[in-house]
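In the two complexes below, chain A is the common chain; its partner is chain B in one and chain C in the other.
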Partner chain A sequence: MIVRLLAAALVCVGLAPAAQAQSAQFKGWSAVSRELSTRLARPGAPLDLDRFMPAEDVDGLLGTWNGFGDEHTFKNGAPNSVNMMIWRVALSRFAKSVAASCKTPELDFSDRFLDTLEKLCTWPSAFAKSDAVLSEFWFAVMGYNAPEAEYRAWREFFLASAYRDRPAADAVEAMTFAITMNPFFLLHR
Partner chain B sequence: MDFCFRLARALSASRFIVVIALTLSAFAASRGAAESRDLPGELQALQEHAAPAPAAGDAAWQKRWWIEKTARLLRGGEGLGPGDDVDALLKLPEEEIARRFMADRRFGDSILDFNMFFLGFKIDSLKSDGAYKRNAFDFPNAVAAAQALLTGGDYLKLFDLKGPFYMAPLPQEFDDPLPANETRLPAETVRIKAIDEVEAVYVRLINMGSAPVPPAADDFCYEIEKVLEGAAAMHTRMLRAFNDPEIFVLRRGQVLTKPMEIIARAYRAECADKDEAKVDVKHLTAEIRRAFDYYYRAIGEMLKFEPSRYRPQSVLDFQEFDLGVFGLKSWLAFGWEQSNALKNSSTNFNRKRGAYILKRFFCDDLTPVGFETPKEHVSGAHGSDTTCYACHYKLDPMAGFFRNLGADFYNYGRSLMVVFDDDANSDRKRYSAHWAAAPGAARHWNIGYIRSPRFEQANAYGASVGDLSRILREAPEPKRCLMKRLYQYFVAEDQAIDAAYLDELTRQFETEAAANSSTAMKNAIVRIVLSNAYRQPDADPRQCYDRAPGTQREGAPPCGVAYILEKNCAQCHSGASPSGGLDLTRWVTAPGGPMPSFPHRGIDEKPVPPHETLTRIVERLSTSDPTQRMPKQKTMASQERQALFLWAQEEQARLAKGARP
Partner chain C sequence: MLASRRDLLRIGLGGAGTLLIPAPGLLRAASPEHEPHFFMMILLGGGADSSYMFDARPLAMTKAGKIQNYLGKEPFPWQGNNGVTTLASPLVKPLEPLRDRFTVLNGVVMTPSFDGHLQNMNFLFTGNPFGGDSFIPHLNLAETGRAPQSLDAVLMSHALDATITNHSGVVPLEPRSAAALSATLKQVPPLEEGSALSDFVRDRMAKNAAGPGRLAAGAAQMLTGLERAPRVHRQLARLTVPPKHLSAEQQAVALIAECFRLSISRSAIYVLSQFFDVHAADKAKEQPKLFAGAVATIAALLQGLAAAPFDKQRSMLDVTTVLVASEFGRSLRISDSRIDDTGTNHNQFSNSILLGGKGIRAGMVIGASDLAHATDPASKGHLSLDPHLEKAIGRPFDFKTMRARTDLPATFEMQDYLTIQSVVNTLYALFGVPKERHRLLRRDLPLAPVLNGLLA
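Presenting the complex of A and B:
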């Protein structure tokens, strides 16, 4: 399995253009939390996303402006194995919570997002696979941060892969996780 | 596939492997261990399904992306939400959208956030659980400028280093542990209790001194003496109800020390210097009452900032503190956090503070690029060594503005001594003498913003922090710096910007700011969010996407330096027979040459190799010999000299590696 994963990674590396001199940086946990709250929460009631963090006080490792005792610069924004691990843990927990909300909302989501989620939660119904439902969910979580190509790739993946027939609990979790791990969601540029 | 490309740009190859492994393992985990699909095959499917990069026809997607980004930047980090009618926004011109976002209440947060970025103290989020964090209040010039921008006032208050004071709501938790009997009490209750304990001490003395039957002078003096001796312990007990940032306010406002000084002075006058029979108990009591009044009024003002009654919902709600209770007309803009970040010492002569001003307000990072030999001999002074003087010629005079400000920026201007952050102290007059101008000089102090150590008429001199504020408002560099930071804030910190475009942004800002700086600032924001660089979803940081009108032409040098060369060098180094055979206005690839460079021919008319050209440029920029230093007999802005010098060094390194620009 590990060999296959590495092979997959190498396929991507091989396809990717040479990295530019500048590398994009993570937005940071605070910015991502704020964006998610704006899109998904009830007005004025930010989502408590800190509970998905694997430990206390590690949010600064995901990119932060905070500091004390010197001028502030953006720190820890460059992707590395540690902050990727933290993102992965936090956002996979978030994704799991969104999927679990198909039955009982675990977060204080807005009515509008709950409506959107309810439609997707009928997966693998044909209705849930419609472009209207999928794009509504995509925009609800991603906002308009990504180009259309990203949406198409995401949609086609879930319509064509084994997720096509998986239960909603699995599919919604994977869909949410795929959106939130997308570089257009996580990175500054 | 695009997903892979994007991620690969963000990560180096080795990191990318980890990320892909983690991402795929996340998918795998969600399917359960029993799943047995071919992951690489699935990945391949993802790549095959991925559409190519967005075509030009995807105007709606592109505009939605622009709207989302602009909403986030202009509404305090909050992008589009369910309350936004995106379809209606899509129908509006972009400028109209930007101006609508700037009319939103949350724009105040954006501009305060930018102001803190400008000052070098941006934080991740101004709010926590719906309430503004303490940091948001800590930079009064940032708050005042943000409020001014929202109300059409004077945005350039950002450059005022003295002004109003905006205290943060008092803390609801304490950093240090409370006594066991108070741990369960609300913070406000503890505070009132602590304040009352001190108040009781004053009241007891006042009651004693104003009793119908006055106390014996000796007894009264004894009681006062006991209070003075116990003052430090009493104050320590009181400070349990405050955290360090509020203690900073108590100290700068002399809330605890000044009343005790009043009482101590009266005690010395009446009890220590007079016979008992001549002690004026009434005078002593009046002075104690005066001391108490100061304490009472100051504390009363501070208590207006209890969170139970002060919870601002927007920047406009930030309330000015009545400085009259401290006997002050204005508050130094350097607050708690800057006092910690910009500490001075008995040996650094405020240079850290001077460097901060140069960096944040003048965008001068103090890159040592040599210096012009000054007319005045400086040998022997600290920083007068050739290399060091490249920075010290401007750093030390800037530091002089802070000569009276000791530890925590406390003003020792009326004291004999200055106490520094390292707890050392120095005779203030002797300390200040380090900045005294030479006898016979036209000015009293060698303090100011120094553009040239050789041509003093180019410099702006002063003596006080007030003078520095005036220089910041009058000098063109801070406004250019403001525009540069604005561009960095909205586009990216590392995005190349054409100097001519930056000058054009600055020129427009200056022109409009002469009438109204708030309008000028909002217009500058609009110009930037409508710029080409801002619209790039995946910008190349080395490329300039925006040019000043009429400045873009084929074969020009790289955009980061083209305008600097045009402005400072082209007068001699251009045309058919440029000075020294070097044309600094063109950037061409010589026939058969691997890299583009400036056309450069030696005395023998043979082409000079690019690395040799760059070496000479670096030397001529950094030499202190006025006969060699370029540009000759001209003052070049140090920011531009630094930019050109650093660029030439980078080009040298690139040439050495054989990489294309």
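Presenting the complex of A and C:
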């Protein structure tokens, strides 16, 4: 009898649809701005990142908190074609600004990040391609949000692709964009 | 609040201007082999009291202490072209010029087991009080025989409180932000596939999308979004910006019409700014003002759709099915309060819905709620759910004649009533959504019947 019940239970488990994993949502523009400011800006002087948004009033489309009484819900955090397009426009503008800072800082970066950037801005020198310089830049922007495999893939891409010999302006822009468009950078875990 | 003839003409001309753009998406949408069919939902949040619109009660009932009425005016008969009459509040007068464009459904039962906002809003959208897949993206599935659009729906608001799992393609897009976005996107090229960097970014999303877990699911959504982004980028860059001097409703209609014409989206959701949850008496007393504003907005939206051209022959309303709904209705009163100083509670047993536009036989009145007059008896079925007679309940419904029945059933049986499941299944039938997706009356009951008499 027990064996039959067990078999029936196993059949039921087998027939049950696989539980759909809930999807991670975007952190939202304000959280990403805060993280970037914490990592890259001078203490107490957050970066003005809103200027990279393609329009005013669209930051809410990237994920935002709504309050109704005691209830707080996160809205618009599910990735879709519109918010991906906005992230891409905003983050490519940010990346361009980071790369332009090789010559003259366009944002109020911390001295520490400017030191990191200065080393990377010698690209395509052998020094800039060293693991020490690349990992320093990676951790400065990504923080510790991503597994090491992500760093390795990113490093290999820039060491092996056409970016290997491109000028610093192009490479740094692309490197920054590639980090910030990574799911580990944009999604809540 | 209503659109002037000049303003409507401006919306129309804006649309006509768009029609001159030879966009592939537009040509596809307008071509005869792809019959255009759009959907717009106008949502009254908080649970709107049907008695302030199309399910009113005579003032004698208020005098008898049965139902609050803070308007204090006698309702008038609203006769459907199917011979059925309901009482309508004078507040709906602005909708009279449009009476042949929509049908009134009264006594629509939501979820009998729950009376909470979220559960009933979930039930309206998903057919499940705990949430799930919304019916709106289903209207955009390839299974309907139409090419899927870039977005499942545009949402004219950030506020839509429901537990919905398939709304990643339902995107808030307000006229002001859409206008600014469009202006910027005209200057920035979309991120196309093919460049080494673009392929690397996609590759990381694809690699992380493999396997189980929340991050993988999110990465998969990012990848899908990124793949569709160039198309929506080009489409949004073509949006004609609604003129700023237009009212909010006119701008919304102009933007929705643009999204429909440019194949950005086949559906739109417009959440009214009014919030109808009036438990406290002082809030309930504001209902005449709330509904006056809501009716004006609904009328402006319908008029805007009727005035905006889709092509040379048809208006936007000709090619758009429109649903106006709240998550539930409201109780007649609160039993321990004076009738001139009472709020109202939630009532999931009787909701009013308006359906109009493409594919709908308009001008009818379908269904009714009970306790319509001071002396009306309650059925035993009613008393089993509402022993204190605080709520009107949908009357039993004859699906063949499409009329409310007059009998007083001894028990409440779902299959005897007009339900939101039937309303959604009727939309499914209209849009060609396969039967497999149609809603059950209840898990242990068959599919809710399609309201065939409502289909044009």
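Criterion: the second predicted complex is superposed on the first by the 163 of 189 C-alpha atoms of A that agree within 3 Å, B and C clash if a C-alpha of one lies under 4 Å from a C-alpha of the other, contacts with A are read in each partner's own complex, and residues count from 1 in each chain.
The rule we apply is simple: a residue touches a chain if its C-beta (ideal position, glycine included) is under 8 Å from a C-beta of that chain, and two chains touch if they have at least 3 such contacts.
These figures come from a predicted structure and were not determined experimentally.
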Which superposed partner A:132 touches (first chain B, second chain C, both, neither): neither
Chain A: partner with more touched residues, chain B or chain C: B
Touching partner for A:161 - first (chain B), second (chain C), both, neither: both
First (chain B), second (chain C), both or neither touched by A:54: second
First, second, both or neither for A:153, with chain B first and chain C second: both
Contacts of A:65 with chain B and chain C, given as first, second, both or neither: first
Contact residues common to both interfaces of chain A (with chain B and with chain C): 20-25, 64, 66, 68, 79-81, 84-85, 88, 92, 150, 153, 157, 161-162, 174, 177-178, 181-184, 187-189
Touching residues (chain side chain B, partner chain A) in the complex: 1-13, 15-32, 35, 37-40, 42-47, 49-54, 58, 61-62, 64-65, 67-69, 72, 77-83, 86, 120-125, 129-130, 337, 340-341, 356, 359-360, 492-494, 537-542
Complex contacts: residues of chain C adjacent to chain A: 150-151, 158-159, 161, 165, 167-169, 171-174, 176-177, 179-181, 183-185, 188, 190-191, 196-197, 200-201, 203-205, 207-209, 212-222, 224-226, 228-233, 236
Sites on chain A touched by chain B in the complex: 1-2, 4-13, 15-17, 19-25, 28-31, 34-35, 38-39, 43-44, 46, 64-66, 68-72, 74, 79-81, 84-85, 88, 92, 95-96, 110, 112-113, 143-150, 152-153, 156-157, 160-162, 166, 170, 173-174, 177-178, 181-184, 187-189
Residues on chain A engaged by chain C in the complex (per definition of touch): 20-26, 54-58, 60-61, 64, 66, 68, 73, 75-76, 78-86, 88-89, 92, 150, 153-154, 157, 161-163, 174, 177-178, 181-184, 186-189
